[in-house]
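These notes open a run of structures that come right after.
Each of the next two complexes has subunit A plus one more chain, namely subunit B in the first and subunit C in the second.
Moving on, here comes the complex of A and B:
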């Protein structure tokens, strides 16, 4: 069974004349890195939000391992799929960076010692240790982005969707993030990368789906090290 | 007269807070473009806030030193006068957009400059066309993609026609076509005499600029002509600015 199945999915924002997503048919496997690329306004973020039910498709079906996403609560979906928003300001709300990273784990009932261990690891790995006690919204955009990514990846969901994770990141931090994503993919955690950063995507994705004006116009599997084959 | 003079600039966000900018000095002539780069958290956005006058007007912020725009001390300018001197596009366009339509958003600045309606219409149409976003005119900015929001925020600032433009990673969310379009627009504005300060990680998109500033933990690590500095791969790699 596919991890995510989208069948004839449409989405329409009120007051916008054109469809944001039109007739999307897509099957996504769990243990793979799928990139969604496309120009600004092509529907990448909308597709990510429809996949996890933040936006309900206005037509068609979205299934998570055979179960309609529309019949699941956001909490049920959130336990299985982590989601990093394009804008970290929409995601951060705790009083400190450490609390932010540990929030999901605490609410999933993890043991405090284990939460601390995971949080400490993430603070070190994402080079956020000096900001442990800082209010996240006081950080720079690139630092906020790292906190948002860490607070989702720490939860060890079986699948994650990252919307433009490289925005605000410098070349060095992009490299660190790529290494981490490759590592978690190698232990079987799948992901969707929504990105316009082809340099980043090319190094990571097993499959690249290209959107244009809300429609899928390309779907390529990685073929060897150097490229993709439709 | 120089367009921008920064002398002994230091900044902290609250009186006992850490120094986020440390003793910075630089000058720019009118019509020059400066690119600021550096690792995240090094003070790039804070420098933009200082140069745009926002930081100096924060209640808790402590700014030392002096910033002169066209010879005027930025800390002595009221918000309305500042808006005539400098326009800033924030790194996060969501913190800048507030109108129910793209058209209203772009018209807001010129309306508040009390321009005649015909001039406002002309400015709105001109910047929409310049940035290739005329089709978004009726859209609600909040329904747009991240890249489109950034283009709208840039359009709203360009409609004010300030002599100094500060752009904080304005191209970070743009697709390749939009990056090229914005780069062309900036080049044209620079040739027309605008002074431009842009924060950017992808230096290959802004090779037409004059100066490059590398910031490191709030201090100026290096400043110089952009071409030889971007050619110095060893230095950029040592700063972790390229792979």
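Moving on, here comes the complex of A and C:
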């Protein structure tokens, strides 16, 4: 069974005349890194939000391991799929960086000692230790992005959707992030990368899906080390 | 009906004032009918009232219940042992308060018939300082953003695996209380950034502003304002 299955999915925003997504048919495996690329306004973020149930498809079906996403609560989906928003400001709400990273774990009933251990690891790994007690919205864009990514990856969900994860990151931190994502992919946690950053995508993705005006116009699998096969 | 934005502001002020002064459902119900009639005259889709009211349903329900329980007097309609829970006076007070909210929200829809630019222009021509008029429109524009911010936070919380519907009320209140600070602080931060962005684009660079357009009253504006102000004053005096 595929991890995510989208069948004839359509989506349109109430105040826009054109469809944001049109006839999307897609099967995504759990143990792979799938990238979604495309120009601005092509529907990449909308597709990510439809996959995770933040937006409900106006037509067609979205199944998460055979179960309709529309019949699941956001919390049920969130326990299985982590989601990093395109804009970190939308997902940061705690009073300190440490609290932000540990929020999901605390609320899912993790042992306090284990929460502390995981939070400490993430603070160190994402080079946020000095900001442990800082209000997240006061950080720079790149730092906020790192907090947002850390607060999602810390939960060890079986799958992650990252919407433009490299925005605001410098080359060094991009490399660190790529290494971490490759590491978690190697232990069977799949992901969807929504990105403009072709260098990052080519470095990581096993499969690249190209969107244009809400339609899939390309779907290629990695062939060897250097290219993709359509 | 093409009226000057300032005339429409006067109409909204009159209707809202009466809604605040009136206390009984018998007075508020005709006021609501007049308001709805005016919306029709301004070619506002009546169904849009429901769209706006839907957002306040929970608030109205809470207000209604509180009024029902805490307003005493009249016939006891529901009791728990010897303790009266709902009285006829309480029920009427609850209904009146809900009607008052409906009238104010419906009247405010008249603002949607002109642009925020005209709103500022209208206030400035009434000698209200431009900065103050601009602040009012920004505040009006910020309110939906504030709501969106809260919706985003709630979505983000749920996506971290928290089943809000299953969380106990105590925990839920605790959760929302702890969220209040970051949401309010975030809004203040945005306001500060907005101020910097505005000033960097020359806001208040010159002490005197000029305007391309001018709003001009015509006879119908004077007539409508006179009628509304006179009727409102008469109703207030005779109340």
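In this section, the second predicted complex is superposed on the first by the 230 of 230 C-alpha atoms of A that agree within 3 Å, B and C clash if a C-alpha of one lies under 4 Å from a C-alpha of the other, contacts with A are read in each partner's own complex, and residues count from 1 in each chain.
Definition applied: a residue touches a chain if its C-beta (ideal position, glycine included) is under 8 Å from a C-beta of that chain, and two chains touch if they have at least 3 such contacts.
No experiment lies behind these values; they were computed from the predicted model shown.
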Partner chain(s) touched by A:112 [first = subunit B, second = subunit C, both, neither]: neither
First (subunit B), second (subunit C), both or neither touched by A:68: neither
Contacts of A:41 with subunit B and subunit C, given as first, second, both or neither: first
Touched partner set for A:77, first subunit B, second subunit C, both or neither: second
First (subunit B), second (subunit C), both or neither touched by A:103: second
Subunit B versus subunit C as contact partner of A:179, first or second or both or neither: neither
Partner chain in contact with A:95 - subunit B first, subunit C second, else both or neither: second
First, second, both or neither for A:218, with subunit B first and subunit C second: neither
Subunit B and subunit C footprints on subunit A, overlapping residues: 89, 138
Residues of subunit B that touch subunit A when the two form their complex: 13, 38-41, 44-45, 91-92, 94-95, 138-140, 143-148, 151, 169, 172-178, 201, 240-243
Subunit A-touching residues of subunit C, taken from the complex the two chains share: 152-153, 155-165, 178-179, 181-183, 185-186, 189
Contact set on subunit A toward subunit C in their complex: 52, 54, 73-79, 82-83, 85, 89-95, 103-104, 107-108, 135-138, 151, 155
Partner subunit B, residues of subunit A touching it in the complex: 13, 15-16, 38-42, 44-45, 86-87, 89, 138-143, 145-146, 164, 167-173, 175, 196
